[in-house]
Amino acid sequence: MEHLAPIGLNHYLTISAILLGLGLFAVMTRKNAIVILMGVELILNAANINFLAFSKYNGGMEGVMFSLFVIVLAAAEAAIALAVVINIYKLFKSVDVSSIDTMKE
Amino acid sequence: MLSLIVFLPIIAGLVILAVPSSQKQIIRIVSLLAALAQGVLAVLMWRGYNPALPGITAGANGSALGSFQFVEKLPWISLNLGSFGSLNIEYFIGVDGLSVTMVILTALISAIGVLSSWTIQKQVKGYFILYNLLASAMMGCFVALDFFLFYVFWEIMLLPMYFLIGIWGGPNREYAAIKFFLYTLFGSVFMLLVMIGLYFSVLDPVTHNHTFSLVAMASQENYIKDAILGPDNVMWRYIAFIVLFIGFAIKVPMFPFHTWLPDAHVEAPTPISVILAGVLLKLGTYGMLRINFPLFPEVFHASMYVIGIFGAINIIYGAFCALAQKDLKKMVAYSSISHMGYVLLGLAAGNSEGMTGALYQMFNHGTITAMLFLLVGVIYDRAHTRQIEKFGGLASYMPVYAGIVTVAWFASLGLPGLSGFISEAFVFVGAFSSVTTRYIAMVSVLGIVFGAAYLLWSLQRMFLGKRRADAAYDLEIGEDGHEHIHFHDWKGKIDLDGRELAMLVPLVIITIFLGIYPMPVIGMLTSSINKLVQVLTPVVLTSMN
Amino acid sequence: MSNLTYTAIFYLFAAITVFSAVYVVFSRRVIYSAFALLFTFFGVAALYVFLSADFIAVTQVVVYVGGILVLLLFGVMFTHSIMTTDLKSDVLHIIPGTLLLLAMIGTMLYTFYTTHGWMPSTTMLQGSVVERIGFETMSRFVLPFEMSSILLLAALIGAAFLARFDKPGNNE
Amino acid sequence: MHSLIQLSIVVLLLPLLSFVILIFFNRRLPRRGDFIGVGILGTAFAISAYIFWSVVVQTYDPAFRLAWDFTWIDLGNVPGVGPLQIKMGIVIDNLTSIMLAMVTLISLLVHLYSTGYMAGDKNYGRYFAFLGIFTFSMLGIVLSDNLFSIYIFWELVGLSSYLLIGFFFEKESAADAQKKAFLANRVGDIGMWLGILILYSQFHTFSFSEIYANLAAGKFAMSHAWLTAAGILLFMGCVGKSAQFPLHIWLPDAMEGPTPVSALIHAATMVAAGVYFVARIFVILTPDALHVIAFIGASTAFMAATIAITQNDIKRVLAYSTVSQLGYMVLGLGVGAYSAALFHLVTHAFFKACLFLGSGAIIHAMHHEQDMRWMGGLRKHMPWTFATFTLATLALAGLPLTSGFLSKDAILAGAIGFAQVEGGGIFYLIPVLGFFSAMLTAFYMGRQIWLVFFGESRTHLKPADPHHSDHHAHDSHASHSDDHHTEHGVHEVSWNMRAPLVILATLSVFFVYSPDPLDGAKGWFMKMIPTPATVVGEANHQIGELPLGTHQPVLAGVAPTTEVSAPEVAAPAHGEAHAAAGAEHAEAGHHYADARQAEIVHAGHAAHYTAIYISSIMVVLGIGLAFVVYVFGIINPATTAETLRPLYLFSLNKWYWDEIYDATVIKGSMLLATMLSWFDTNVVDGLVNGIAFLTKKFAFANAGFDKYVVDGMVNFTAFSVNTTGALLRKLQTGKVQTYVVMLLLAVFGYFVYYYTRLIN
């Protein structure tokens, strides 16, 4: 396995990029609010990977700490978001975000 | 005290503001009380006035106190304009012989105007608020000794007048109101320019600051020699005099700036006509006497002849136009133009007799024309028309009215024994004594005849003879077998009622009394007039060389 | 642990992460997405371990798997007639989405691989950082730490408030 | 203050009191307060008679003069003039006291007469009030010591005559007449006023005595022509008031007033005021001014006489005879026969008042028939009226033994003397016209007497004219209806109308004025009223030689007026001359400083008998002609009128003066008024409106620019924004995910941008 380069920064960045892209794709295309939330979680995870990767290869603790806070934030976000989704569901009897376009008027 | 006289109507206006608009009677009474209180104050001022003090310029100590009376002086607006120096405007009021009679006249006419306004039914509250504002502004104009203050009052006056004509006027009121407004505004714009020019040309003799004080401006030694309107700047002084003169002449109104007057009068309600003719027109000539002439004496001297010619045109032209009028109120309006011509002629004479005549004529014209307009209003209230042909033989049916009309008409045509005569006589005496205006006076005398002609002719057509076929009233035989007249929708008394008598009788008494013994008014004028003539005279001498 | 093994394990977890994430995104059923997400989180947690952040990895598992994912599942079950959801009726902007997906990933990868300044530092993190996290949390990052606790509290209350069924303003 | 002054003030104010009481309270008083009017005038006359007695009878001094004045208006210390006061005052001299007595007497008699004549009128009380103010004004003129107050009372007389002439104001003709009278008077007044102004502008005083003193001292700084002009202009006042040609037109029309008013105003007082005023200013009249006056007087006398011979209205005949006689007086003043003119003024006042009141009695008796053609035979029915009327007629015609003879003769003698002194042929025109007019006077008065009193009643000859009777139904006597309109209704008038006639007729006899029935100069009147010495004659001619250019504005502060002290002592120098002149008429000429004046006085005296002969002949000729025509019927008036039709019409239509004035002055004024009014509305106001119109047009053009260009740009911006917005709104789907797509597009765009920059 010589031809394989040792695991370095770029590997992690590549994974995070793929996760980010998938998360964005979910946010862009899926109508289901829950799935969108999942996309957001993917994006956050991608970001975390980046933080930790840079932290590791740079030797500082900032990235680690930041990723910790991101997780806390993600938890809070998820809780609020789900509460919102449930409310939306109560109002519109649907979690289809494309049908919720009352702001257009 | 003077401030109280000026601001009493405004206070009344504020009180009225608090009264609900349905309480019409209270509003009227408040106005009347304010006007009466103002009248009482004016009488007190008249009693306390010392005719020996001349006014016009500052007294010997350089302050206005030794010369003017009832002076009140407070710093009002003081702005530091950096490199332009500082702007000092004072609340500076006081009276001298020129203004004291006008103050009394204004108080009198205001009170009579309130009585005359009793019949106004439309938006009483708004009407009286505007009326009181107007009364205050007029009074303020006469007592202001600071040019800026004068200008402020002058402009304040315009606004209520515009609305009073434009809202409470006749069918063509908007046109008349806008004409009046534009005309007068046109005049006052130039006044503003001259005022600013004067400000930068005059130094207060005491503080050595630039000043708006008319008292300081009236002394030529206070002018900065090379300032824009300083003595060296002859051309600009002429221009300033002319534009200022036009501004005042519009108010007089002098031919050819007079055409707003007939329209305004015809459209204005009776009390506003009374105010307009009784007081407002005087502001034009008062402004000339107070501002135009003493500030530019040498220009005045050069233009005496021209002013005299315009005066003569006013007299004769106004009389002829009055002769041709079919509307009684329009005729009276033109007679105003004619009579104000006498004032101009008297001023143009530039001597004591002429100036006394002019000032006295201002007072008398105020009372007499007020009477004329009130009388026109009386018949208009009843018959709803002012066409002279629509009447005839009224003297038989309304004897009291006819009697007062006769007095007023004869006063207007200058019958001796009534006040108008003395002023006209003095105007002619002065104008003839002055070499400059001698020939103008000789031509103007024709005005006496034509004045008599249009007044007597209208008197005959309306009051003498018998009812015309198309008259504005019907005849019916009363229970006592006599003929009475009947106006179509008039419920009140056919002849004058108590309120109308209360307006007219004081004026009649004043007219007769001042015709027999004019000294109560002339006595207040003389020292100021003589001083004014003196202010104008030295320049006359030097310019002759 | 040999280098090869290390690399192999890395690729394994990377593959798990990526493919489960793909499944999350492209699954036509939400419930499947949710379970796929579980694997993604695990994969990511594993990657954290590779990055010397064992504490973060544990936190990731505890919070995401134990908290967020359960929450998501609750949400799915609250709101959905789960079985009827279908991918085809469930998507929009499929073409721009796809193009952008590729474009974003491409751009980023291009950026990463053309950037040469990212040389590893001599003081790379080695081993566990739990102790250092403790130090940092109580010293440099004490304020953000406390703030995050307040944020959590607020979010907790807010979520509870929002999700209440019988709110006064909710029944119109 | 002298007691006579005090009394004269009382006399002056009493009629005013009557006016004030009656105008306000007449309806509340019994008999409408006529007794107050009569009583007050009686008192006034009693006091006047006392003044007359004290001054003329007791003192008997031609130079008698009392004066008193007070400051009316104080103009303070006038720059260039010094202290300046306008004074009012009273002067009493012989002329004043005579006039005072005459005016109050006639006024009293008219008051008395009116209680009968005007009884039953609905404005009865007001009538007496008007009489009161008229008398007041007239007395004011008589008593004034300065030009200003005389002008004031002058105008007041105009007013009161206006009120009295138009007393029956419901008649259009009366309303026209009063207006005409007032306006004609005003025209005269402006001339008078200009004359006053000329004198005032020189001396800064209105007082007669101060003006005369200044003139005598040669202080008149303007040219001599101005002085002549001043005289003629002052005389214009007289032309208006005394109805001289060319302003005589108002007087005949003024007969629309009640007849007693005609007697008061148009015979005795108002018209006499003009002559009185010229007498007051006589001393300042230059010879040129006097010539003008003389010619105007002569032509007036002649013209009015020619008109009078064809008039049919009894009052109009008298009116024109009044104009004619006033012409005599003015002529007398013009030729310098000062005393004679004033003498004629007084005698004429009495006999003409008698004639008017007599005609009033006739009209009253005839139930307001005024046309002489329908009268006749009244001699039997109205003996008192007949007798007094005839006596007054004889006086008017100027037959010896009457007062009219004395005065008219004196005037004509003066005219002859004047013509001799002036020496020019043209100046003989004046006495010739005078004598011819005397003949005409005798003729038309003879005609009147005959038509009215003699022959048979011609009432039945009157053509039925409903309009005519209707015309008079408006007169004061609504109670008198036409049912008495027969000869049987004609009867003598009551005592209160008869008594004035008798008194006035008595005063028309010669012995009242002079012991010699042929020479008035021997009487007290002409001795008491001597001709005053002129102050502008040859002796003062240097005043005209001051070049006009030397006139300097009086600025020194020393006014010329201040040099004259008390007015009382102003005239003693002339007083000496007066005394001498009055004492011995024949030698009076030597005492006049002015040679011309002295010569005229002398020549007038010499021509006395010539005048008597000629005038007697003319009068007899005139009366004889009247007899020939009307009594003996030798000449038929109708056929004569037909033969001389143009002349007849010319006379009947009063020389067409009314038509001429109507066509020129009145139409011209009205045309001018209409034109100026048109000018005012269309040109002056049109200019204003035109400016407004142009401004408005410009404003509209501006508004168009604003609307289509400026606003267009704004609107275009709005339009483009709107369009863009409409396009962009399509993007605003409301779907969050679309926004995310766009967001990412933007991010991707940024990357692209970044890398393209990096590549470049």
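The letters A, B, C and D name the chains in turn, as written, and every chain counts its residues from 1.
To be clear about the criterion, a residue touches a chain if its C-beta (ideal position, glycine included) is under 8 Å from a C-beta of that chain, and two chains touch if they have at least 3 such contacts.
Note that the structure is a prediction, hence the values are computed from the model and not measured.
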{"item": "Interface with more contacting C-beta pairs, comparing A-D to C-D", "value": "A-D"}
{"item": "Chain with minimal offset from the mean of all protein Cα atoms", "value": "B"}
{"item": "Whole-Å gap separating chain B and chain C, where each centre is the average of the chain's CA atoms", "value": "92"}
{"item": "Distance from chain D to chain A - Cα centre to Cα centre, in angstrom", "value": "120"}
{"item": "Separation of mean Cα positions, chain B and chain A [Å, integer]", "value": "88"}
{"item": "Between chain C and chain D, centroid-to-centroid distance (C-alpha), Å", "value": "124"}
{"item": "Shared interface positions of chain D, touching two or more other chains", "value": "735, 737, 741, 744"}
{"item": "Sites on chain C at which at least two other chains make contact", "value": "92-93, 96-97, 100, 104"}
{"item": "Interchain pairs in contact, sorted by label", "value": "A-C, A-D, B-D, C-D"}
{"item": "Interfacial residue positions of chain B with respect to chain D in the complex", "value": "179, 182-183, 255-256, 258-260, 317, 320-321, 323-325, 351-353, 356, 393, 395-396, 410, 415-417, 421-422, 425, 428-429, 432-433, 435, 438, 441-442, 445-446, 448-450, 452-454, 456-457, 460, 463-466, 517-519, 522-523, 526-527, 529-530, 533-534, 537, 541"}
{"item": "Touching residues on chain D, where the partner in the complex is chain A", "value": "732-737, 740-741, 744"}
{"item": "Of chain A, residues touching chain C in the complex", "value": "1, 4, 6-15, 17-26, 28-35, 37-39, 41-42, 45, 48-49, 52-53, 55-59, 61, 64-65, 67-69, 71-80, 82-87, 89-90, 95, 98"}
{"item": "Residue ranges of chain C touching chain D (in the complex, touch as defined)", "value": "92-93, 96-97, 100, 103-104, 107, 111"}
{"item": "Contact footprint of chain B on chain D as seen in their complex", "value": "72-81, 84, 148, 151-156, 159, 162, 166, 169-172, 174-176, 178-179, 182-183, 186-187, 189-190, 193-194, 197-198, 200-201, 204, 551, 553, 555, 669-670, 672-674, 676-677, 680, 684-685, 687-688, 692"}
